[in-house]
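Below, chain A partners chain B and then partners chain C, in two separate complexes.
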Partner chain A sequence: MPVGLTDIVQNLVNGLLQGGFLALASVGLSLIYGVQKILNIAHGAFIVIAAFVTIDFSILLTPVLHLDPLISIVLDFGVLIVFGVLTYFGLIYKTENKGFEGPLLATFGLSIFIEYVITNGLIFPITISPTQSYRLVLIPVIDPSYGNGAIAQNQAYSSNVLNLGGITFPEPQLIAFLLAFLTIPLLHLFLTRTYYGNGIRATAQDWEAAEFSGIDIRKTRILSFALGSGLAGIAGGIYAFTNSVFATEADVSLLPLILAIIILGGVGSVIGTLIAGLVVGLLISGSNFLALEVLTQYSFPSDIGVLLTFLIFLIVLMVRPSGFFGKVVK
Partner chain B sequence: MFGLGLFKSSHNNSAWVTLLGLVLAGLVPFFVGASNQNALGQYVIYLVWITLAESWNLLGGYAGLINLGIGAFFSMGCVVSSVLLNLGVSIIPAMLVAGLVGAILALALTPTFRLRSDYFAIGTLVIPFLLKPLVEYFAKKSNFDVPIGIVLNPTLFYYTGLGMCGITIFGILLLMRSRIGMALRGIGDDEYASSALGVNVLMFKTITLVVSGFIASVAGAYYLGIIGAVNTTIFDNLSFSLFPAFMVIIGGIGTFEGPILGAILFSAVSYGAVVYFQGTSFEVLVFSIMIMFVAVVLPKGIIPTLRKYISRRKRKDSSDKN
Partner chain C sequence: MGIVKQSDGDVVYNGSSLRSLRPHSIVNRSISYVPEGRRLFPEMSVKENIRMGAPARCNDLKERFDRVFLLFPVLKERRGQQASTLSGGEQQMVAIGRALMSNPKLLLLDELSFGLSPIMFENVLFAIEKIRENGTSILMAEQNSERALEVSDRTYVLENGKITIAGKSSELIDDPRIQTAYLGVVS
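This part shows the complex of A and B:
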């Protein structure tokens, strides 16, 4: 298939846009892992929660209040911060000092729990007598499609496409990209220019030294977990626009790619995560393009982009585990 | 207590109980009756998970290497087994050859030992995703099945599984009793101290990974016999990588009974509860709450917490006598 310059540029653009979203999804976990060395397996689940909050917002509130669904992204941020704090106190606080496995297991259970509640709600049937039974609804079903399939989010945005010189920029992906470039530098400023931000970075580097310097470690950990969750919320909010969301994605499927991005960018640096996200996005779409459209004679497998990414990830992990921009750790 | 010199240390009671359990399980086909042998098929999946959990415990529990990529070996075992079955090899040799392939794969993965513990966990997590395209490329197909002509005798299949499970459990027990086991425990406790004492850490880690990979691949080969056909998407399924780890963590990392208990508990809730809560997926809720509960309340796992409780009771009793 003959390949033109337009195709190549289009492919690069797609890769960059996708990379922006990946960076947004990863930066929250980078923060959490950097400070507390906890792998929040439920991070993907958090993203999906936010996606469904946005979907419900646009189904329930937009027709009534005529508010743009993009505003729900702010709501997502807030909801996930609350959720992050709850998770921290519920699961992490007790387990984080007892080794690596405790939070891992707990967040894994949480991700399964979240997937279930999104699809089915937290509803208990109570049978009082053979003829009377009630249902105790603690949390209503969030997924409007009841797990039967995805809802293509908000048609008004998904069909908008910006066209510049023959290259198409799908509007939702563009918004995701711009959001990444808005939030991540803001986060970077927060981490470097504010007291609490510096506290987070200090705790990430050496928590004992930070404690001796007078930083409240517990508050810092809560803050970083909440902030990381909130960022997952933002990613989830825009995810609802760029993809059809399945509740079953609340499990761990997004996690390996996010982990690769975090490590490649360097655990201590959010700008690094942004760049790593963009690079990975480019790598995946570029190598898929090369393998499937240009070099078709070799019949490469279909997910060669992911293969290359993980291969590079492993090599970087072994050679320079602090990533491209992280602080070198002994 | 029952130390006949065969099982020499503190694991005595558990080892005998397990042996008894296996013997009883071996007698089940006789009680079920000749016409109901297919009912045995429900339980063989437990054997797979127990074997996988034991394999994970060897690396993660005793040697201290948290391997989150054991699904790679498992899936590889499925693939190899399918290829061999299609070539006319019978099931037990197929399982053994699959195990050998797993061992070779483990040898190929030894460079990852350079990684620090949490990076090792992350690094191993992505290994199944690396293997998937490679398998698809070299095998030129993505569906692997048990050939149609082959009918696996349910009773024989059941006993094969029991054998696989039993050999794994007691093989690992004997391994841990040997000098290799002592070295492994030392490495798990403190790698640098062991190295300073002259233990060849790299060699023992390699041995552990190879044995663990062998077992996991054999389990995968057996699994193909259970479900009949796999697609390469099994490499993408993180459950096979993560569940064995979680089973062992719940049961108790680094203990003898931990993997067995954890695997049985996990499987019972997953497979058994489905029957109880039919019509809804309520058992998923129970499952997730159970996991979170164990993680927060029993962070060391069930067995170590039980042991602490029992020894505290014993101490209390003996101090009461004074």
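This part shows the complex of A and C:
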């Protein structure tokens, strides 16, 4: 089948729609890394937790309460803020001033733990006698598909498709994109227009100066970690609307792309991350398109698209080592 | 200011110890600090930098801004400009303005002349004298001993962490020991 203009435009549209999610998935981690110089390895796992919260909500609560699964994104935001604060005090607070490795290892361990709990729950068998045994269920199995991939159910519009002159926009993807596109500018406004937002930026730029200017940097650090985690929550909800989610993604598999976006956008730059997310979305779909339509004819394997994406990423880094919006470090 | 933990001794201000306080609580006790090298937030505007010196909730924010802009009118013109694009003197003004936003009773100035032209240093000193006239005590660590002695009431010379000379500036200004201490030579 010959490649037409419509195919190319459709491909660009798909890339942009996916890029919205990627930007939102990255912006929270970029914020945390910018303020605390902490790399939360469990950020991808946070996204997956939220995705399963939305999936479980859509299966359990939507039919009963007649609430659209979209509402669960608010819940995701709240749940992940709580989760972020717990993680901060449980794993990061004591180690953050003692170097980079402590929080790195602690959150890596957390991501493995989260993956286990989503798949298996936290269930202990208690055997009293050979004939009597109980199961102590602390956390039930969270993944309703038992590892086969789950997506948010009962979406009223899941099969609706907007068609503009031959270019199709699936509605869930479109809603996800709009949500991402609204959230990031809101975050930008918060960071630039409010006292605590500016306090977060000040802490990121010079934490000592922030302290003696009178900012309680303990507060701004907790706030940025909570907010960054909450943003992972929104991203996870969106993810559940458009993709099949696997518990195994709670390991570090989402991180390479997220890190690529953060570096391209410039660490701590919110608008930079948005643009970088869209660019990487375009890159991925463009590379896949190229790989599928052209390169496979020359007997390249079809998954060469991933390789192309990171190749282009490397070239960009060689030209601009600090990303589109980062400062050039001299 | 509570960033470097004290290994020994105590710092007492108005009868209470500052030893175990975190920096922002020290600022709350009416002590402000202008560090050596200014330490502005480079990617924030002049206005945002100055705002960071005031408390989170502040009813008279506008009055505090007005006082800073009255002292340094040039900052009002440049309030939207990014701090890193200012000249050294203007940056020093922003650092002082930021420190004044907490309405300090005591203002600590570290190496005010650092990186400033002599004319700019005079401008900044002039502003400092005005701040003092408004009732704020000023403690400055300064290597320009000549000007420091001229503008100050009392002078302490620190050598290897110990006060070796102390007294009224007007009396010390002609003291040959000062020059010896500063130049590190014995004549």
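Operating definition for what follows: the second predicted complex is superposed on the first by the 283 of 330 C-alpha atoms of A that agree within 3 Å, B and C clash if a C-alpha of one lies under 4 Å from a C-alpha of the other, contacts with A are read in each partner's own complex, and residues count from 1 in each chain.
As a convention for this text, a residue touches a chain if its C-beta (ideal position, glycine included) is under 8 Å from a C-beta of that chain, and two chains touch if they have at least 3 such contacts.
Please read these numbers as outputs of a predicted model, since none were measured by experiment.
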Quiz item: Looking at the overlay, does A:135 come into contact with chain B only (first), chain C only (second), both, or neither?
Solution: neither
Practice problem: Return first, second, both or neither, reflecting whether A:307 touches chain B, chain C, both chains, or no partner chain. | Solution: first
Self-check item: Per-residue contact with chain A, leading partner among chain C and chain B
Solution: B
Practice problem: May I ask you to decide whether A:120 touches chain B, chain C, both, or neither, giving the answer as first, second, both or neither? | Solution: first
Quiz item: Of the partners chain B and chain C, which touch A:213 in the superposed model: first, second, both, neither?
Solution: second
Quiz item: Does the superposition put A:109 against chain B (first), chain C (second), both, or neither?
Solution: first
Practice problem: Could you look at A:201 and tell me whether it touches chain B, chain C, both or neither (first, second, both, neither)? | Solution: second
Quiz item: Now for A:101: first (chain B), second (chain C), both, or neither, which partner does it touch?
Solution: first
Self-check item: Shared chain A contacts, counted only where both chain B and chain C touch the same residue
Solution: none
Exercise. Would you tell me which residues of chain A are touching chain B in their complex?
Key: 37, 39, 90-91, 94-95, 98-106, 108-110, 112-113, 115-117, 119-120, 122, 251-253, 255-256, 259-260, 263, 299-304, 306-307, 310-311, 313-314, 317-318, 321
Exercise. Show which residues of chain C lie in contact with chain A when the two form their complex.
Key: 1-3, 22-24, 26-28, 32-33, 35, 39-44, 48, 51-56, 98-99, 102
Quiz item: Can you list the residues on chain B that touch chain A in the complex?
Solution: 66, 111-112, 114-119, 121-123, 125-127, 129-130, 132-134, 136-137, 236, 238, 242, 245-246, 249-250, 253, 280-281, 284-285, 287-292, 294-296, 299-300
Exercise. Spell out the part of chain A that touches chain C in their complex, as residue ranges.
Key: 192, 195-196, 198-199, 201-202, 205-206, 208-218
